[in-house]
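Shared between the two complexes below is chain A, which has chain B as its partner in the first and chain C in the second.
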Partner chain A sequence: MKKTAIQKISDLAAQLMQKGTLIAPVQEDAGFNFREVSDARQVDLNFYNTLMSPKSAFFPQMEDFVRYQTGKSVLEAVPVEMGLKPVFLFGVRPCDVKSFEIMDIHFSGTGAVDPYWQKRRENTVIFGYAFDVNTPADGADFYSTLGIGAADPEGSDVFMMKKSDDLLLKAVTDKGEKLLADMSGLTDATPDDLKYFDETVAAGRSFKTRFTCVEAKSIAKKFEDLFHKTPFWERISDACLSCGVCTFVCPTCYCFDICDETLFGQGTRRRVWDACMFTDFTLEASGHNPRTKVYQRLRQKVCHKYSYHVRKYGVISCVGCGRCTRNCPVNIDIFSIVDQAMKE
Partner chain B sequence: MATSFKQIEENLKNEARKLLEDGKVSLVLAYGRGYDEKHPVPFVAKIAADVESIVFNEYCTANMARYLVRYPRGTKMAVAVKPADSRAVVQLIQEDKVKREDVILLGIPVIGMKNSKTGEVIDSKTTCGLYNPVLYDVLLGEEIHGQPVVSPYDVLAQYEAMDKDARFAFWQKEFDKCIRCYACRKACPMCYCDPCFIDQNKPKWGEKSPQSHGNLMYHLTRFHHLAGRCIDCGECSRACPVDIPLYLFHKKVARECEEMFGQAAGKSIQDKPVLVNFRVDDSDKILE
Partner chain C sequence: MSSDNPYIPMPVEISKIIDEVDTHDIKTFRFTFLNKADEEKFKYMPGQFAELSIYGKGESPIGIASSPTQAGYVEFTVQRAGAIVPGLVTAALHDMDEGGKIGLRGPLGNSWPIEFLEKKNIVVVGGGFAFTTLRSLINYMLHPDNRSRFGEITVIYGARTPGLLLYKDELAAWEKRDDIKTIITVDKGNETWKGREGFVPAVCKDVAPSPANTVAVICGPPVMIKFTLPVFFDLGFSKENILTSLEMRMKCGIGKCGRCNVGYKYVCSDGPVFSLAELEELPRDF
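Showing the complex of A and B:
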């Protein structure tokens, strides 16, 4: 395990920027966000949560596949190069790290591999960060409810945590080990630091957020039973505006649309995030739309995460980061919906 | 002295209970408990027993008029309205989306509402800044006297000081932040088009990807669709997850409409919407 002074974080960032692309939390007008860092001093670990999830490092909101010219042969269409450089994804909360594992199921785990996701995943070193062991949990978070600790190093390549004025960095995978060995300016951690690290990881597991622990299978079953109880879903969705904030900020929402967008004869085939909360998401070419009502869309979203996903892949497709709850214009809280369902 | 939020909540509950028990309405659009006190959720009371879940505090900012168009025509509804929300109902009545006889307005005079995201007090900077609803059947608190100290258009001064290029650069920077979640149009009580122009694909008016030109297309079109109709509740800006100051453009257009046609959106139920009305003495400035 290595360590460095918190003040020297920009040195660390500068070194990573020399090795490749650094994506880290950066303070913006509307709060923190993961951005490609252009100035090492921008890197700031004094954040509680970012507005958007770090999924865009692997699955950007807009991904260009092919460029073409209208009126020309399809043979002249040019695939867009990904132009990959090593990427360092810095300061990721343990619950967000967990979300990558869930997304892997869809982008590579089921046999149909998405090369864009896969290549980016292989090319990225993840620096996990124990973000809130020392601060009280924000009201919106509920990751501990889903069995994720506030300082779980699993899934990260390097895991970081603060210890007074120091930043401890522990290599979790070989990839992380190699990178840390390659970095200068880091000192070896003391046995005291090692002890602190293990204690914090353990403390993170008993860290309490909202709600008590739940069992995935019983939630999944409950939602299956409730599917046809329209009055329940109507009550739940009375407030829902059916906008796309919750899905866009979600680390485990992966729906996308592939569209051809043309401007002055120059066309691009690209994929763009889509959301099950949009009316046109399920609009069929015939004009028929199986989900015209808000309650049908909200039911789809909640049941997908907490029921269908459990039945198909065995895990809840939610990590309790609280972004959907925090950013909902009308303050709908997804886990309160689960809570109410369990009481039905 | 303004009536306390607690008292308004009590009055709202009593009024809603009475209306539901007497069968005068089939639903009451109000506010309910959220995951904590600072985050109340829009709530629809359908039976008298639901009334106990109604809350009202300084964080109940959502514009409940937004939900009126969701129910079939002829549904008898009561709606809790703050000043700007009442203007939205008036505008919806003017546009014949809701019938006056179908809706009972439970007016709430407010001062000192707060934005639950930032904790800041909401005033005429982001809303119309009125204290009392312009139309109501029952007033749930004492009328607040005195005019807002600042005009709702004062906030425009800084924006208007910019020249044309600077303004364009300003909006381009703001729209580049847009993630196209469409929370602004969904939170807006006047955005009831189905489908919205941006969702149409035959013809396709704008792109789905969150790029500068598509974002500009979406927002500018939405701004203009709301010309003379925006009632300045500021919900679009509060709903925006990336804090785009949409209210600025709406206020700018609203003021121009007011100056040209001498009428602000949703202020009086006798008015006709400015852009569907023609008077011989209408200003020609719009054509310049």
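Showing the complex of A and C:
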């Protein structure tokens, strides 16, 4: 294990920027977000969590597939090369790290492999970052409900935590080990640091966010049974605006559209984030649309995460990061939907 | 990364266009591959589909209408969409001529379960425009290499009018064969129509295929499906032995984009072919 003074974090950032692209939490007007860092001094670990999830590091809001020209043959269309430099994704909270594993099952672990997700994943070193276990969690968070600790190192390549004025960095994978060995300016951790690290990981496991007892298979079955109880869904979706913000900030929402954008004869086929909350999401060319009502779409989102995904992939597609709840303009809270469902 | 990238279409050329119906809004397009390697890679089975891709317009998921026994090309029967929702891709395709080039992504989805169908009698029931992948299946089973693998084959196919029947030459050829029983019906005939009149469910009831060692493969408009299924239940067909092909709006076709999600299935990659028993496991959300 290594460590560095928190004050010297920009030295660490500068080294990573020399090796490739550094994506780290950066303070913006609206709050913190993961951004490609252009100045090492921008890196700031004094944040709770980012507004947007870090999924865009692997699944950007727009991913260009092909460039084409109108009026030209399909043979002249050119696939867009990704041209990736090594990426360092720095300061990811444990619940968000967990989301990558859930998305891996879908994008590269089952069925067809999504080449964009897979290449970006392979190309990235993840620096996880523990929540402060001595400060209460944000009221929206409920990751302990999903069995995720506040300081779980699993899934990160390097796991980081603060210890007073120091930042401890522990290699979790070979990739992380190799990188840390290659960095200068880090000092070796002391036995006391090692003890602190282990104690914090343990404290993180018993750290309580909002909590309700959820077991994947039983909640999946519960929602299957609830599917036809329209009054339940109408009640919980009563205020929903179908704005889709919950899906855009969500680290495990992956629905996308593929569209062609042409301007002055130059075009790009790309994928863009889409959302099951929008009414035309399932509108067919025949005019048929199975989900015209708001309650049907909110039901799709909740059941997809807590029921369909469990039955298909064996895991709940939610990490309890609380973003959907924090950002919902009408205070719809998926935790309370799950809680209510368990009591139905 | 294009060669193994499932989002990048392969180039194909329209080698033949057949105007199928008297309303001229359904055409069969025959495509040949511009790269030999793509043709070899495009190994499909009846019941699968592909994305027809036109840059600047978009992509449409369409069932494959030809049979894999027809080497060297692949066919799709496409309706010009747009009565309610603008059909950019199908309209652009309908406006193209032979020699036109488009993109193709596939083959996609599962297929009619050929191994399951082997050694069984097959009743194929089709209505209107939803006959395309059924045609693929019939031509596959009728191929000399395959015919002995299946029992009796019965085809019940209906359209609203005689002019709306697809694949008229093939239907006539099947009617002349003695290794397939072909029953064609129209809702309403015309002065030259000498065949049967009547709705598909009523004709099924009339023909009354035996459920013994028999699988029914049924595709058609929702109203036809709704009234045909009870006929087959009454005849004694089990839900495992009734197959259909589901439609849902699709984009990626490979189970990634989430659009065609119904319950724990993605229609594009887990389907589009499902047995009635499988469909009853899913929420009514399609």
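Keep in mind that, in the parts below, the second predicted complex is superposed on the first by the 343 of 344 C-alpha atoms of A that agree within 3 Å, B and C clash if a C-alpha of one lies under 4 Å from a C-alpha of the other, contacts with A are read in each partner's own complex, and residues count from 1 in each chain.
FYI, a contact is a pair of C-beta atoms (placed from the backbone, for glycine too) under 8 Å apart; a residue touches a chain by one contact, two chains touch by 3 or more.
Computed from a predicted model, the values in this text were never measured in an experiment.
Per the definitions stated earlier, placing chain B and chain C onto a shared chain A by superposition produces no clash, and the two fit side by side. By the touch criterion stated above, A:193 is placed in contact with neither chain B nor chain C. Draw one line from the C-alpha centre of chain A to that of chain B and another to that of chain C; the angle between them is 90°, to the nearest 10. Comparing chain B with chain C, the partner in contact with more residues of chain A is C.
Touch criterion met: A:276 reaches chain C, while chain B stays clear of it. Once chain A of one complex is fitted onto chain A of the other, the partner contacts of A:291 are limited to chain C, with no touch recorded for chain B.
Of the two partner chains placed by superposition, chain B and chain C are both touched by A:257. Shared-chain residue A:242: touches chain B; no touch with chain C. Contacts of A:77 after superposition on the shared chain: chain C is touched, whereas chain B is not.
In the overlay built on the shared chain, the residue A:308 is in contact with chain C alone; chain B does not reach it. With both structures placed on the common chain, the touch criterion links A:30 to chain B but leaves chain C unconnected.
Taking all C-alpha atoms of chain B against all those of chain C in the superposed arrangement, the shortest distance found is 5 Å.
The intersection of chain A residues touching chain B with those touching chain C, taken from the two complexes, comprises 257, 259, 274.
Residues of chain C that touch chain A in their complex: 1-2, 4-9, 11, 34, 53-60, 81-85, 87, 90, 101-103, 247-249, 251-252, 254-259, 261, 263-265, 269, 283, 285-286.
Against chain B, in their complex, chain A makes its touches with residues 29-30, 51-52, 61-62, 139-140, 210, 235, 238-239, 241-245, 248-249, 257, 259, 261, 263, 270, 272, 274-275, 278-280, 294, 325, 327, 329-333, 336. Within the complex formed with chain A, the residues of chain B that make contact are 32, 34-36, 38-44, 62, 66-67, 70, 116, 177, 179-183, 185-187, 194-195, 199, 201, 207-211, 213-214, 235, 238-239, 241-243. Contact residues on chain A toward chain C in their complex (touch as defined above): 65-66, 68, 70, 73-75, 77, 79, 81-82, 106-107, 110-112, 114-115, 119, 224, 227-228, 254-260, 262, 267, 269, 271, 274, 276, 281-287, 290-291, 296, 300, 303-304, 307-309, 311-312.
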